[in-house]
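Same chain, two partners: subunit A is paired with subunit B first, then with subunit C.
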Partner chain A sequence: MSSELFLVKEEIKKNIKILLCYPVEIMFWAIFPILWVIPFIFQGEALVGGSTSSQFKELAGTEQFIPFVLIGAIISTYLFSSLYGMGGSIRMESYWGTLEYILGSPARKISVLMGKALSESISSTFFVATQVLICVFGFGLKLTVAKVLPILLVLLLLVAGLYGMAIALAGVTLQIKESRSLVHTIEYLFYLFSPIRYPVGINPVIATVSLVIPLTYALIAIRGIWLLNQPMSTLWGYVGLLALLDVIFIGVGYTIFYYMEKRVRKSGSVSQY
Partner chain B sequence: MDLAPEHAIIAKGVVKTFRKKGRRKYGIGPKITPDELIYAVNGVDLTVRRGELFGLLGPNGAGKTTLVKCLSTLLLPNKGTAIISGHDIINDPIAARECIGITTGGERTLYWKLSGRDNLRYFAALYGLSSEEADRRISYLMKIMGLEDRQYERIEKYSTGMRQKVSISRALIHDPPVLLLDEPTLGLDPSFSRFIRSFIKKDLNQKQKKTIILTTHYMDEADQLCDRIAIMNEGKIVAVDTPEVLKRRIPQDEVLEVRCLGHADFSGIGQRVYADSVEGVTIYRIHAENVEDIMSQVIQAAHSAKILSMNVTKPTLEDVFIHLTGARLTGEDNEQ
Partner chain C sequence: MDLFPSTSRILRYLRGMNAENVKEWKIELTYRADFIRGMLEPLIFVFPFVLFAMSLMGGRTSSVLEGLTGVSDGITYTIIGYIFMGFLNTAVWGMGFALRKEQWYGTLESIFVAPVPRWVYVLGMALHSTVHQGIILFFQILVVYVLFGVILNVQGVLPVLVFIALMLISLVGLGLMVSGLALIFKEGWIVSEVLYSLITIVTPIAYPLAVLPPLLQKISLTMPTTYAITGIRHFLIDENMGVGLLDSYSRLIIIGVCWIITGLLIFQIVDRKVRREGTLAEY
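== the complex of A and B ==
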């Protein structure tokens, strides 16, 4: 067990050290989600003619769409980093020529993946903290200390589910090597079918599909806590569903990775670029 | 398959095939027929004794690296299996991996943005070492490799030879009984090559009694280092023995090596003639039972070319390879 923890720790250290070698990349990742969301704020204001909308309130429970969209943007950082991060990390290992040594080692691959997921989470949390500060001081979004813990709990569960999917993508990356297009497609499907930019109640098909996406429950819970001041007791149902989806996503993700790992050993494509 | 106590590695009927390019990707398309497969390793049987330094010699594409990757569990054989230190690579791959240290060719197999020490710490963690064990092993390896002063520098600042030293240290980090060294001196300058060769032979093999499979296409390296050599060609092992016994397979005792500018017709002289060209110089190797008997014929036949030198030598492993396969070992590094 201690050697597993040592591996997870070393995997995190390795990824963070390498990330810190590219400061421009860090800057981009920190400000990108905010830059991405600003056009939607202006677009919304132009369409509605202000920063509030009664029509929006019927769907989202709040008439202020700017905080709604900002929270969506902040949380989507985890979506962005997990989907790109894990597959990208496997891809980079392949470029560096180190993937063969990881796969050829006796280490449990779940520990390596966990280390990768945690290092992604650490860097994402740093970016999210930056974004929260920008939103609080730049856009007047209010966040009290009492709300932080429940939000962190929901975030933790969200991240677990997203990394379940990321592990599956890492497995697929082992086989197909270049998974950017696939990741883009999945990312946009998430944007389409979860309430990142708009309330999913806008369309019945979107609302139905959103039920199987962890982001939906996480966003409902986080917005409930942060914007609507709902007590945690009213949100446990969403948290439970999120936890259930986590179990499914992680289970399916690891099964796919395991299958793909075996497949590349058979096909001989481990060392291919 | 039983493993006798004196054997560290036994491979039995190992076959590894690859599809020819563009065929049946992702399981889509007509079923692959046998003639659409490339047999990278084709029914290899191999036994390596404990503490033996065993060479795999063959030209590029002979199947050496694929065989090593099968033994290291990186590739799953289509048929056959191997036992490494008592562990079946198919049924018990994790235990087999714990007994193997591997280094593959190419210097881009390390994290260039990390220091030599950080690289080794990460790989130590992959092999289940504790933090303290890792530190102890790394300090030891950095010392014997002469990298103590540079251990905290990033790999990108290292020379090719230093990177290779770190690669070999990585293979040794968990002190495995079996080492698979794939072209460990490829692309190194002569001084680093000498160091690596001496380290493999004296430290790893003679002192630490490691069982080593060394793949190389440098004949001299195989000749100097290996207790026994398997010559591979087109996925098969065509001969296995000690270098001396392999060289005795050449029926002629002597070889006249003639270096000349231009081409000469030596056909009909001696028992066998092989030609090669290196930087504009044609090198003929004429096998004969007694070179003195053919000397005058050689000089006469070389009238259309300018002879630069003539040397009488003993058959080399390359001669053995040519004798067995009819082909030359390619990709020779002249400095070797």
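== the complex of A and C ==
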């Protein structure tokens, strides 16, 4: 057990060290997800002549669309992290020439993956904290201390589900090697079918597909706490569904990784580029 | 050295550009799934803006937008803006990554010793990206016509093509600049992403210039995309242009010349720098 923890700790240290070598990248991820929201804010002003819309309230529960899209942007940072950071991490090991060593070592792969997931969580949480500060001081988004803990609980569950999916993606990367296109497609689908930018109730097909995406429940719960001041008692249903999806995503994710790892080792294609 | 290259040299450059264009098409068509995804992606990219607009308006029209632009159909307004803005992708991603891609393939050094200027390869990539984007554009127009019933004024096609051509001149300059910077920064995707994000914010793609803060409005007036997108919408869906037509064309030409000169200068400086320092092959 202690050796497993050592492995996780070293993996976290390694990833954080690599990230710190690219300060521009850190600044980029801390700021740009918020900048990507600005066109939506200007678009909203041009369409409704202010920062509120009664039609929007019917779908989202709040007429204030600016905090709605800002929260969506902040939370979607974890999506980027899971897809590009965690999902692409195996590909990076392959670029660095270290993948064979990792897969060939007697270490349990789940510990390596855990280390990667945790280091991604740490860096994403730093990005999210910076974005929250930008939103609070730059856009006047209000966040009281009492709301922080329930939001963190939901975030924890969201991260677990997303990294479950990322583990599957890491496994698929072992097989198909260049997974960037797949990652891009998944990112666009998540943007389309979850309430990151708009309430999914706008279209019945989108609303239906969104039911199997953990981000949907996390965003509903977080906006409920942060924006609509709803008590946790009314949001437990969403939190429960999110936890259920976590179990499915992690279970399926690890199974896919395990299967793919075995497959590439058998086929001898680990070192192929 | 002559100020203007001879005809035979120009022909050689054109052959070089075409060879790069053909090579890029061959590579692209080898990965068919990726090619199809590339066709669909810009379309999916537009959807969040359209669905967001619909959720705000509770339909497809806005009296506020009509007051600002003369166009009440917020959906068509947004779609046209984003579809034509796809040409910015051509500059920052297609052209900007031309030499970076050669680095990935391991062919950059071979290209740098060939008896053709490096910018010829970048322009070859521009040719490929422009044709690629043109195909995507037609595909997008077909899909949005079917999905959203977007109807365009066909009579405005010719002046729209002039606007696109003038915008492309400036964007080639931008592409040359990004392409050069990618050689210094190696991980040039950040340069591309930053430029793309900032230009899309100040360009009136899904909103008129009037909603931008005064400082951003001033910056917006130095962007070729501002005049091109507004002009294109003027001819296709009758948006009121804040600037006169001749004024728009002439400003686009001036910006185009400035951006091309800046792009070429930056590219030449970086080209010389990386070769002198011997960092060209560094990854």
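What we mean here is this: the second predicted complex is superposed on the first by the 273 of 273 C-alpha atoms of A that agree within 3 Å, B and C clash if a C-alpha of one lies under 4 Å from a C-alpha of the other, contacts with A are read in each partner's own complex, and residues count from 1 in each chain.
We adopt the following convention: a contact is a pair of C-beta atoms (placed from the backbone, for glycine too) under 8 Å apart; a residue touches a chain by one contact, two chains touch by 3 or more.
Only a predicted model underlies this, so the values are computations on that prediction, with no experimental measurement involved.
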item: Superposition on subunit A - do subunit B and subunit C clash or fit; value: fit
item: Subunit A residues touched by each partner, larger count belonging to subunit B or subunit C; value: C
item: Contacts of A:F56 with subunit B and subunit C, given as first, second, both or neither; value: second
item: Partner chain(s) touched by A:R265 [first = subunit B, second = subunit C, both, neither]; value: first
item: Which of subunit B and subunit C A:Y101 touches, first, second, both or neither; value: first
item: First (subunit B), second (subunit C), both or neither touched by A:W236; value: neither
item: Where the C-alpha centre of subunit A sits as vertex, the angle toward subunit B and subunit C in the overlay (nearest 10 degrees); value: 90
item: Where subunit B and subunit C come nearest after superposition, their Cα distance in Å; value: 12
item: Residues of subunit C that touch subunit A when the two form their complex; value: 33-34, 37, 41, 44-45, 47-49, 51-59, 62, 64-65, 68-69, 74, 78, 187, 190, 193-194, 197-198, 200-201, 205-208, 210-212
item: Contact footprint of subunit A on subunit B as seen in their complex; value: 16, 18, 40, 66, 69, 72-76, 94-95, 97-98, 100, 102, 104, 106, 108-114, 118, 121-131, 134, 170
item: Sites on subunit A touched by subunit C in the complex; value: 22, 24-25, 28, 32, 35-36, 38-40, 42-49, 53-56, 58-60, 65, 69, 181, 184-185, 188-189, 191-192, 196-199, 202-203, 206
item: In the complex with subunit B, residue positions of subunit A that touch it; value: 2-3, 6-7, 9-11, 13-14, 17-18, 21, 96-98, 100-107, 112, 262, 265-268, 270-271
